[in-house]
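Two complexes come next, and they have one chain in common, chain A, joined by chain B in the first and chain C in the second.
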Partner chain A sequence: MGKKESSQKRLQAAKDLNQLVFRYYQECLEAKTHGKPVGWMPPMNGAIELCYALDLQPVFPENWSPLCAAFGYTPENFRVSEGLGYSRDLCGYLRNIVGYVYGPMAKGGLPLALPEPDFLLSFGGGCVPAMKIFHILERRFPKAIVFSADLPQVAAEHVEGHHLTYAVSELNRLIDFLTQTTKRKLDMNRLKETVSLSDQASALWDEIMTYRRLIPVPFSAAEIGIMFVMVTRQGTQEAVDFLAQVRDEVRERAEKKTGVIEDEQIRLFWDNIPPWYNLGLLRAFEKMGGVVVAETYSSAWSIRLTGDDPIEALARKSLLSYSQVSCVSIKKRREDVLRACREYAIDGAILHRNKSCAPITLGQMDIQKALQEELAIPSVIIDGDHMDERNFSEAQFQIRAEAFMEMLKHKKGLR
Partner chain B sequence: MNEALRPFKDWLDYYPEKHLALSGHSPLIGYFCTYTPIEIIYAAGFIPIRILGESGPMEKVHTLAPSFICHYMRRGLEKALEGKYTYLSGLVQAYTCDVACGLTNIWAENIPLAFYHTLPLPYNRNPEARTYFRSILQELIEKMNTHGGRFSLEALDHSLKLYQQIRERLLDLYERRVSGQLDFSAKNMLMVVLAGFVTPPEIYLEHLRALVRQVQGRDDLTKTVSFPVLVSGSLIEDPLILETVEAMGFRVVADDLCTGLRSFYPVTGQGGDPLDRLINRTIDRFPCPARHRAKDRFPMLMDLVRRSGAKGVIFLPQKFCTPHLADYPLLAEAFNQEGLPHLLLEMEDSGLTEAHRTRLEAFLEIHGV
Partner chain C sequence: MNKVYAGIDIGSLTTETVLVDDRGEMVASHISSTGSNSQWAAERSFRQIQKMTGFPLDQITYVVATGYGRASAPMAHKTMTEITCHGRGACHLFPRTRTVIDVGGQDSKVIKVGPLGNIVHFVMNDKCAAGTGRFLEVMAQALEINLENMGPLSLKSHQDIAISSMCTVFAESEVISLVAQAHPIEDILNGLHQAVCYRLTGMLNQLGVEPEVTMTGGVAKNIGIVNKIQEKFGLKINLPPEPQVVGALGAALIAREQDREIEPHE
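Here is the complex of A and B:
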């Protein structure tokens, strides 16, 4: 693996993100000293807002994995999990967190770390690796109290009243569990306030994304790390403040027509989870006049929490979030991707064939066909893995990226 | 071959032609996972047919699916793209693993059938989960009725009883094998179970009745048994795999396969109402790793080991099968604590390779009697 691409022309807010990340993990580590029980849970569901409303500390092992990849912790974590017998064919998120909890977490010594959980929201209803992560964590942390959560795995366009009813009943069950095990009372006004903050964050997120329609685009997919607040901080003022800061900066850049690169020739779309170990790869196209202006992942944070009933709003969010990126029908994905490509004036799409995520990868070739047939947008498939660098060839990536960019420029009459 | 086995082999060998002929008067519905409520499909007037992958070339599938998913799902799509499932009226799939969900979506885009339906099954077993389960079954029933189905609770009652009789006979064969009362090879047992996935249930029950009558006390198995084992995995589609394993000196005395015990145990569910019986059976099924924890599976696997006299475990999952591969280390650790030797062989296609055989030989040499 060669030297990682260094990022340039970063948003100031994105640089501030580092402090926010550090602050969040410090808060996690210090939670118990402040009498806050720590719960480990999957992301992209309404449990996050519930925890903040109950003054509990949510921790997201899935989100910890991209951080490990960015900080270079993954090789050791993979070594540990593979030593335990976890196959390299398993999702990198799973292998990373398992390696971490059985290896470095016990040894200590890392600048950032996770606190042991007091409770686990063990999950049926996400993808299978996400579910299995928690089964393994139950074994690793036998003192943690386990809540077995459930959520219908249903495509967004097929969500019906009975799915929502069940999701609401599961959230009510979760509230009972959290209030009983942590001896806290749920203040409905506080929950409404938390849900309102979460909705404000989603509204800001949507507003920020609209600026990416502009030419030149004020920020690229390499800044996707800002979604950290959508994963870990939804329902907090901190998320709203941070996103407002991002929005202001992006708006200012847009007004000044400040682009990511001087001469934006080609606008690109990225499908699937990015390679967390080298987000700079998303900038590899910039030297060739291309910018990755949009990606599949960002739509997952657009779900609004409206209505008078905060629990129903959270249940709806839980149902719709996961199915934005997985268990989604190809019809819906095609509509979403084609719409994004129209709105963002995309010239070409990069389809990351991601060995660590079968759910998002399946259907990509149908999307590729639709892009070509319906919008005449060419695409390239990049074989890789969002967590495991060993499943990615930088040389192959460079060759394909260069050839793809040459073809796109030729198509646009730029050469 | 035992004559009573011939109808099962015939169905396995010639099911495409038989299905094509059947589809002229009886609509057929495909499914992948045995958690699919086939009793409802049958009660609505359709014949449920499990999609089989089997061995064969992979050419067209490369244009639609990546290589890092299991052979079973890839081959199923390959066959569909070759036009081998044109006789299906629809495809119903219970969401059990991500790949089956994703491939169902790809089928829906590329294989024109009258309808597709995915059931988001609950993972819990509390009253709310059961109520929800009932609602998604109602949704399926409505969907089937809009596509020519004629569901009634009476028909479901008949369907449940029919499948119960089938499962009772399969379990009888299985139990007698486990207890050593019946010499019936694992290869033959697998062939019988596989045939059930592609044979209309009323015909299949007749064949099973004849088989159960004929194999009473029969001895069609080699006596050179050195190492009784439990085989655990997802699908084994080629009976020759188990024949090879047994020819090497193992005896497959118990299984944890969805082409084995998991597909027919328990035989029915409790409850007066037919839908309750179906729901309870599904919730109480012998646990599949796609839906259950290793810690819940292990006691049941150990019970199988003790009752069958297995002295070792062979894990035979399909390569890339996340549910099985994710549970493997936890189960391996638990078996280690019981002093039970085990071996993991991932199947890259539907058969055993030379490398697999070598590892099996070594396993036998180290741990066999």
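Here is the complex of A and C:
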């Protein structure tokens, strides 16, 4: 594969993100020297706010994987996990973290690294690889104390009172575990504060996303890295400040009608997780007058934490987080994509057939059919992988992307 | 001849150049192998067509390049994908075409076209190039026969043999093992063509087959595969006189439209 083109960031905040990422991972490594216990956990559930409220250091293996892809750490991690017998057909997030913890983590020498966990929060939910990752981590880090949570996987529209009651009881069990294990006391006012900060970040996220409905769109999927704070910093002032900076910049661009590219001709939707090792491929569309205006992830972070009871709010978030992206029915996925395509005035959809994520990829044929029949929106399938570059062909991507743009331009009467 | 327009299709295995005149009629075509350097292939193909026609290359009004090596053609004024070009070329030759099957050296495509040859929808093979021209070349080598003889020979088959693997490497092993079991070569070829047809059927079903169907690309020269698709869908497939140059023809026609800013089929 030739030299990759970098994605072009238009927002100053997106350019500043690297420092924020570096600061977070530095903080993770320094946590132990400050007497702060380190816990590894899946993202998007209520444990993150709880950890920040208890002054514990949350670490997210699922966030570490895209970082490895962007920084070029994955080939070595994959080599190690494949050497251990993990098949190339498995999820790239799983193979990457397994390879990392059994390989480069022990050797050291990388500019960024993860600290060993003192405790593991195994949530027993999400997609199967997300659960299996923690089973493997339990074996790799036998000294880490394990909390095995049990939450039902219920579709968002089917969550009922008894589900919430159960989730609250599980969250209380988690609080007992964390306070007893780390000998810390939970200050309810501090918890309310972190929950409030998390809610403010979600509100800002929603506000930022609404600007993407404008023509021309003020920022694109090339800037989606901003979601880093929604994964790792929920419940902190840093996340709120960062997103406020993004919002201000986006608002200013919107008011001045500054688009991502000079002449926005085609508005595109990206379905599925992007290839983290090559976000620069979005430039291919931009050079042809196309901008990826929205993506599957756009709505994944807007779980508002309202109400007076912070524990109930976090319990609800934990229940809903499973069903935001990967644990949804095909019907719901289809509805979500169609709604996004209507809201963001989409001309064409790019369906990333992601070898590394069967749950999100499943149903794309239905989505393609529904887009064409219900909205007359054409779509193209791009074969790839969100983690493993070996499952992606730049030449094949280029031909599909160009042909798709030629087709869409002809449809809109642009020559 | 007043003005001449050129289309050049630099594919993975072969490079084709087509010249069309002011009325959009094909005046010359040339096919050569691409080799290891796309730019050289383009320049060589252009020189060859000049030799054939005697038409000075610097007087070609507009050039459109297509195919995998389209970005490497120094003489091109514009590049277009082969999907658009095959659609245009197929509709020029058979104006009622609504579905194009293009099986080239390293990929296969099914393209739905509108009345003006514009692309309405398309699907391509996934990352694996099984069932394409290169796949057939490897199988011809394994069976020690000429590529051109594969189609006619397969028509003599009397027994269906299933080739279970479509991976080029595994299928080659399977073919060698069938040879070792003394299966007649025509039956093995028939099985291979059946496997290619299954793969194309998946793409055709995905898009929906709307007649007329035109087949382009080198694999359209294989009568065994063409017959299998015709039988499977119960329809007659349009076959261009030279299926390999349809992409280059489409590119030349687009070159003509670019120069004159005229509508397709004008």
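Throughout what follows, the second predicted complex is superposed on the first by the 414 of 415 C-alpha atoms of A that agree within 3 Å, B and C clash if a C-alpha of one lies under 4 Å from a C-alpha of the other, contacts with A are read in each partner's own complex, and residues count from 1 in each chain.
Following the convention adopted for this analysis, a residue touches a chain if its C-beta (ideal position, glycine included) is under 8 Å from a C-beta of that chain, and two chains touch if they have at least 3 such contacts.
Here the structure is a predicted model, which means the values were calculated and not measured.
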I'd like to know which partner A:T361 touches here: chain B for first, chain C for second, both or neither. first
Touched partner set for A:Y166, first chain B, second chain C, both or neither: first
After superposing on the shared chain, does chain C or chain B touch more chain A residues? B
After superposition on the shared chain, which partner residues are touched by A:F177: those of chain B (first), chain C (second), both, or neither? neither
Let me test your reading of the model: by the given contact rule, A:Q396 touches which partner, first (chain B), second (chain C), both or neither? second
Chain B versus chain C as contact partner of A:M407, first or second or both or neither: second
Just to be sure I read the superposition right, which of the two partners does A:L90 touch: chain B = first, chain C = second, or both, or neither? first
Is A:R353 touching anything from chain B or chain C once the two structures are fitted on A? First, second, both or neither. both
Should A:F141 be classified as contacting the first partner (chain B), the second (chain C), both, or neither? neither
Shared contact residues on chain A - chain B and chain C: 353, 365
Chain A contacts chain C in the complex at 353, 365, 372, 378, 380-381, 383, 391, 393, 395-396, 399-400, 402-403, 406-407, 410-411
Quick check: in the complex, which residue numbers of chain A touch chain B? 84-87, 89-91, 94, 124-125, 127-129, 131-132, 135-136, 138-139, 148, 150, 152-155, 158, 160, 162-163, 165-166, 169-170, 173, 326-331, 353, 355, 358-359, 361-366
Which of the residues in chain C come into contact with chain A in the complex? 68, 80-84, 107, 118-124, 126-127, 206
Note which residues of chain B are touching chain A in the complex, please. 63-66, 68-69, 95, 97-99, 101-103, 105-106, 108-110, 118, 120, 122-124, 126, 128-129, 131-132, 135-136, 139, 290-291, 293-295, 319-320, 322-323, 325-330, 332, 344, 346
